[in-house]
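In what follows, a structure is listed as C-alpha cells, so that the remarks can point back to it.
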Amino acid sequence: MSSANRYDVTTWPVGDPAHDIGEVLNSIIADVHSRQSASVDSDGGRPGAVIVIPPGDYRLRTQVVIDLSFLRIEGSGHGFTSSSIRFNVPEEEWTDLHELWPGGSRILVDLSVAAGASEREGAAFVVSRSGSPRISSVEFAGFCIDGLHFTGERSGRHPENSYFNGKTGIYVESANDSFRISEMGFVYLEHALTICNADALSIHDNFVAECGSCIELRGWGQASKITDNLIGAGPDGYSIYAENHGGLLITANNVFPRGASSVHLESVSRSSVTANRLHSFYPGMLVLAGGSSENLVASNHLLRDHEPWTPFLGVDNGLDDLYGLVRVEGSDNSIIGNHVSEVIDSASIRPAGARPVVIRLASGSGNYVATNHVVARGVHASTGGSAFEAQVDALLATSAAETLAVTAVAVDPASTRNTILDSGTDAEVQADRAVNAVRPTPTVD
Amino acid sequence: MSSANRYDVTTWPVGDPAHDIGEVLNSIIADVHSRQSASVDSDGGRPGAVIVIPPGDYRLRTQVVIDLSFLRIEGSGHGFTSSSIRFNVPEEEWTDLHELWPGGSRILVDLSVAAGASEREGAAFVVSRSGSPRISSVEFAGFCIDGLHFTGERSGRHPENSYFNGKTGIYVESANDSFRISEMGFVYLEHALTICNADALSIHDNFVAECGSCIELRGWGQASKITDNLIGAGPDGYSIYAENHGGLLITANNVFPRGASSVHLESVSRSSVTANRLHSFYPGMLVLAGGSSENLVASNHLLRDHEPWTPFLGVDNGLDDLYGLVRVEGSDNSIIGNHVSEVIDSASIRPAGARPVVIRLASGSGNYVATNHVVARGVHASTGGSAFEAQVDALLATSAAETLAVTAVAVDPASTRNTILDSGTDAEVQADRAVNAVRPTPTVD
Amino acid sequence: MSSANRYDVTTWPVGDPAHDIGEVLNSIIADVHSRQSASVDSDGGRPGAVIVIPPGDYRLRTQVVIDLSFLRIEGSGHGFTSSSIRFNVPEEEWTDLHELWPGGSRILVDLSVAAGASEREGAAFVVSRSGSPRISSVEFAGFCIDGLHFTGERSGRHPENSYFNGKTGIYVESANDSFRISEMGFVYLEHALTICNADALSIHDNFVAECGSCIELRGWGQASKITDNLIGAGPDGYSIYAENHGGLLITANNVFPRGASSVHLESVSRSSVTANRLHSFYPGMLVLAGGSSENLVASNHLLRDHEPWTPFLGVDNGLDDLYGLVRVEGSDNSIIGNHVSEVIDSASIRPAGARPVVIRLASGSGNYVATNHVVARGVHASTGGSAFEAQVDALLATSAAETLAVTAVAVDPASTRNTILDSGTDAEVQADRAVNAVRPTPTVD
C-alpha cells in the first residue's frame, strides 16, 4: 500500500518475520515514533499506524513493547485448531493428521521464560506507557497467538495438559482507554489476555481457548465490555476474571470448560453478566467475591456437568458441591431469570451424600434472587470416544437421567435481608426466613 | 501484497473471476495446498491463506470445494439490496431504478442445478474434508452470495416469489471446529448457510435475507453461537434452525418475516435463545421440538402480525392458531421474561372462532414459564403501498386495535409437572392445575 | 490493489487528502458512477466500491455526498482519545502530553458551519439519493470522525465543554436499507450519527463518545439493530434516540454518561432494550415517550449516580427526581428483570425532600413491570482527582452509603390497568390498587 502509516511485516526491511516477528514489530513501532515527532501541528495528531500480518507462521523470539496510541495490528485469520486434542492423539498417528498446529496469521511464542517469571515478563506483547494521557485505541485484530507447548508439572497429567508454560499473549500494564481486541485467536498460553486498569475497553468476538486463563481484567477499571466471545480456560484458571471494575458488561459469550470458574468477579460493582451461555465441570462456576455488589446476573444459561474426556478424568478445581455453582459474597446483587442445569454423577458428590448447592449467598445482604430455574439430574458418568463426540453426547443426554435433590438457594447466616422469589421449592431453599424474604416456587399440591 | 499467503481473485493468473470465480478459487486453493506440503517442520504449521474478493460482480459457474483449514475468504461489502421488492416492481419501471441487483463483493451463483439436486450439489461453496483433525478456522467474511432468481412453482405465486431454486450459498459437510461466518450477505438462495456437525462455530453480524432458509445447523454440534445477525427467510423455510445441538447461544439477532418459523430447535438441549427480536406472520414462530430440553428462552421480543404486502397475501405456513406461537415439545425448558405481541385479523383466525394459543406446552414435563407478558390485539388487516411503508405502518399501529382474547399458556394433557408463573391471568392459562403449578398474573379485583 | 473497484485516498490523483479528503472522496464517488453506467447487463449489477483510508490525519473541508449503493468506506483505526480530558488539562501542561488529538484513520471535520445551520448542512458525510430503490448497503467501518472543537455558549462551561459546534459526523437523509456502521470512532461532534428512515440498519461495535448526541434514528424505520457499542453523549444530548421505529433491537451496549438520557424512544413500538449497561448522572435516563408501546425493557443494568468531575459539577438535564429514572408514556410495555442502582447525594434531591422515583408510568395502560430490583443509596458526593480515577472510585463505592428511601414504581392517575410484580415493597410502589394490579416484593415480617 502507498500510505506511510501502513506496514506489512513481510516487507519491512529490518529483521525476518519468520525468524522473529518481535524484532520486526519493534522496529516498525520505532519507525512510527521517529516519523511522529515531526508531525504535530495545531490540529494535527499522531495518528498511529496499522501493521498487517498476512497468514503465515511467524516465530516471536523478542517481546514486543507497544508505547504508542492508535496502533492497530491486524491479521487475516484467528487460526484456532485444538492443540489439546492433538497432543492427546498417539504420536504415531500424527503423520496421518492434516495439520499439527494452529494457523492463520500465527505468532509462535518462542520466548525463553525463566521459572517464576511474571506475566509481564512472559508476554509476547506488552503495552506500557507512562505519563499522560493514558495510552488509547490500541487495536489487536484477526491474528493468532500460539504458546506452542505446555510444560508444567501437574500430578497425573501430561505436561502438554498442564496449562502452564509461563507465557502470556498480551499484557497491558498501563492505564488505558478505548482499546479493542477483536477476532483474535489465543491458544496454549498460560495467560491469554491480561489487561490492567482499563477504561472503555472492548473485547469482542474473539476465540480464546486452551489457555490456562483467558481474559483477566486486573487493577481497576470501568465502562468496558466483554462480548460475543468463545472462551474456555484450563482447569486451574479463569475463563473471565475481573477485579475492581465498575460498569463492566459481560454479555453474549459462550464460555465452555474447563476453567476453574466461568466468570469470577472480585470486588466488582454495578456490572452485568447477561445472556451468556456458561458451561463448567466444577462447582464455583460463577463467583461474585470480595464484596462484589449491585451486579446483575440475568438471562444466562449455566450448565455444570462432568468431565467426559479421559485425559482429564479426576481433574477438578478442588471445590466441593456445597460451595455453590453460583456463589455470592457481596450485597445488593440481582440474580434474575437464569436457567441452571446441574448434572452430576451422584457417586462423585463431595462431601459424600451432600445436597449440592446451586446458588449460595455466603455473605453480604440485600441480594435479590428471582425466577431462576434449576434443573438437577444425577447420572452415572461414562466417558466416550473422541473429545468432540463425547462432549456432544454428554450435552444432549437430558432424558435418561434421574432427578437429583439439590439446594437451589442456600443463604448462610452471614448473609441477611435477601429476597428469594420463585427460584426453588420450599424444600430447596435453605434460608433463615426470619431474616430473608422467601417465596418458594409454587408446587402442585 | 507481498505475502505468498495472500491472494486476490482479480490478479490470479488462472481463470477469469468475472466469468467463473469458482474456477479461480479452486485454483488458488490448489496452490495453497501445493505450497503447504513442503512447509511443515517441528513447530511449523500449515497456516492457510486469505483470498480477497474486491467489490465487483463475479459469476460462479464451478462449485468451490474447500478442504483446507485456516482459509479466509474476504470481501469488502455484503451488498444486500432487496431483489424481492424489485421483482415485484412492474418490469416497465425497471429502467428507472438506480440498480437492479445486489452488489458489493458479489458472487452470482450460476450453477446449473438439476431438479432434485441435494443441498450440497447446489452449493456455491462446499467445505468437506475427511480424516483428522476436523477442518478448522475456515472464515467467510464481507462478501455477497446472490442466487439471482427463484424459479420454483408455488401455487398463486410468481416464480421469483417462490423461494426455490435449488441453490445453496455455503454447505459445510464435514465435522468442523472454530469456523467464522461474519459480515456476509446472502440473498435469493434456497438455502443460505447450512453447516453440519459444528463445534465452536461463530455466525456473527451477517445479513441473511430473502433466502428460502437462512441458517441451518444440521447433524449435531456444540458450543456455537448465532449472534447479532439480521435474518429473514421465505414463507416455507427456516430463519434459524438447529438440530441435536448442545450449548448453542442464539442472542442479539433481529429476525424478520417471513420464515415458517423464526427459530426452530429440533432435539436441542442446554441452549439459549435470549435477547433476540423475532417477528413472524404465522403461528409456530419459536419451536422447541423433538424433545428439546433444558433450554432457556428469555428476554426476547416476539411479534406476530399479519402479512402487509400484496404479493404474499394469503400465503402462510399451514399452521393454525392453536399450534402455539411458542411451542414446546420437551422437558425442563425455561421461558422467562419474554414479551409477546400477537396482532391478528380476527377474521383470519383458524379454526374460526378459536382462541389463539401463545405458549403451548405440548409434551414433556418440568418446563418453567415465568414473567412473560402477552399483548394480544385484533385488527382489521389492510395492505399498504410499498413493502417498506406498509411494514412500518403495521409495526407502529399499536393503538387503534381492539383487545383479542387469547390463551397465553396452554398445557396439553401430554405435558405435566410444569410451572407457570405470572404469564397470563387465570382465564388465560389453560392447564390442569392438578398436575401443573400455576400462579396466574394478578388482576385488579 | 489491482481492482478497479478498490480505491485508496492516498493514491487517488485528484485532490490532496491531507488538505481536503472531502474533495478526494467526492472525486472517487464520481469515478465509480462514471464507470458504473456502462456495466449493467442482464444479471450484472452496479457493485459499488471500497474506499480505503489508511491511518493518518485527513482534513475535511468539503462535505462528502454519497448517492451510491454498495459503497464501503474503510479505515484502520477508530482512533478515540479523550479530547474532553485534554481540553480540561491546563494548557501549559500540554507539551508534556504524548498526544493532543484523536488518531487512527482520522478525519478532521473542518467545515465552516454557519450559525443555525441544519444537521445536514454541518455534516461531514451526507447520504442522499432520490428515486428507487432505496439506497442500500452503504458501509462505514473503522475510521474516526473528529469534530475538533466545541465552540458553543453554555453558561458556566468552557466552550470546549459545551458540546455544540454545528458539526455532524454522518447524516443519512434518504430512506435506506441494510446499511452498516461498524468499528467507527466519533468524537467532538454535535451530532455523531443521524440516520433517517432506516430499514434493517446495523450500528454495531462502534465507539461514539464526547459528542453532543450520539446515535439518532429519525423519521421512521424498522427491523434495525444498535448493538455492542460504547456510547456516551454530552449533558444536553441523546446517547441513543429513536422515533417512529418498529422492531428495533438495542442490546449489548455500554452507555456511559453524560447524556441527557441514555435511551430515549419516541413513538417507538414493538422494540427491545435488553442486556445493556446504562449509566447516567440525571433522571430520565430511559424514556419511552410519545405513546411508545409494546416494547420490552429487560435484563438491563441501570446506574444513576452523581457527576464526579469538576468541570461539569452543577450541570444537569433540568429534570427533577420525580420525573422517573425510567419513564413510560405509553401502553403495553414490558419492564422485566432489570437492576437499578440509584445513588444520589441526598442534599441534591429536587424537589428538596422528595422521594425520588425510579420507574414512573406516566400515561398509557397495560404496562407489565416485573422482577426489577431497585437499590437506592444516599451519599455525600465529593469529587476526586482525574476524571478516570474519580469515576472508578464512584463506581466502586457501594458499601459506605446509607439507604435512601425511593419510590420504586410510581403510577400516575393517567396510567391504568398496569401490572406491577415484585418490583418494590408495598411502601415503595405508589399506585392506585383499584386500577392497577400490584404484588409487592415480599419482605421479612
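Per-chain residue numbering starts at 1, and chain names A, B and C are given in the order in which the chains are listed.
Convention: a contact is a pair of C-beta atoms (placed from the backbone, for glycine too) under 8 Å apart; a residue touches a chain by one contact, two chains touch by 3 or more.
Everything numeric here is computed off the predicted structure, so don't read it as measured data.
Note on chain A versus chain B: their Cα superposition corresponds to a rotation of 120 degrees, in steps of 5. Shared numbers divided by all numbers used gives the overlap of an interface; between chain A and chain C this overlap falls below half, so the copies present different residues. Centroids of chain A and chain C (each the mean of its C-alpha atoms) stand 29 Å apart.
Within chain C, the positions touching two or more other chains are listed as 205, 228, 251-252, 274-275, 298-299, 336-337, 371. Residue ranges of chain C in contact with chain A, taken from their complex: 8, 10-11, 52, 54-57, 59, 76-82, 85-86, 89, 93, 96-106, 108, 110, 148, 183, 185, 205, 207, 209, 228, 230, 251-254, 256, 274-277, 279, 298-301, 303, 336-339, 341, 371, 373, 375, 388, 391-392, 394-396, 398-399, 422, 441-444.
By the touch rule above, chain C contacts chain B in their complex via residues 1-6, 39-40, 43-50, 69-70, 72, 74, 129, 131-137, 139, 175, 177-178, 180, 182, 199-200, 202, 204-205, 220-225, 227-228, 244, 246-249, 251-252, 267, 269-272, 274-275, 291, 293-296, 298-299, 331-332, 334, 336-337, 366, 368, 370-371, 417, 419, 421, 433-439.
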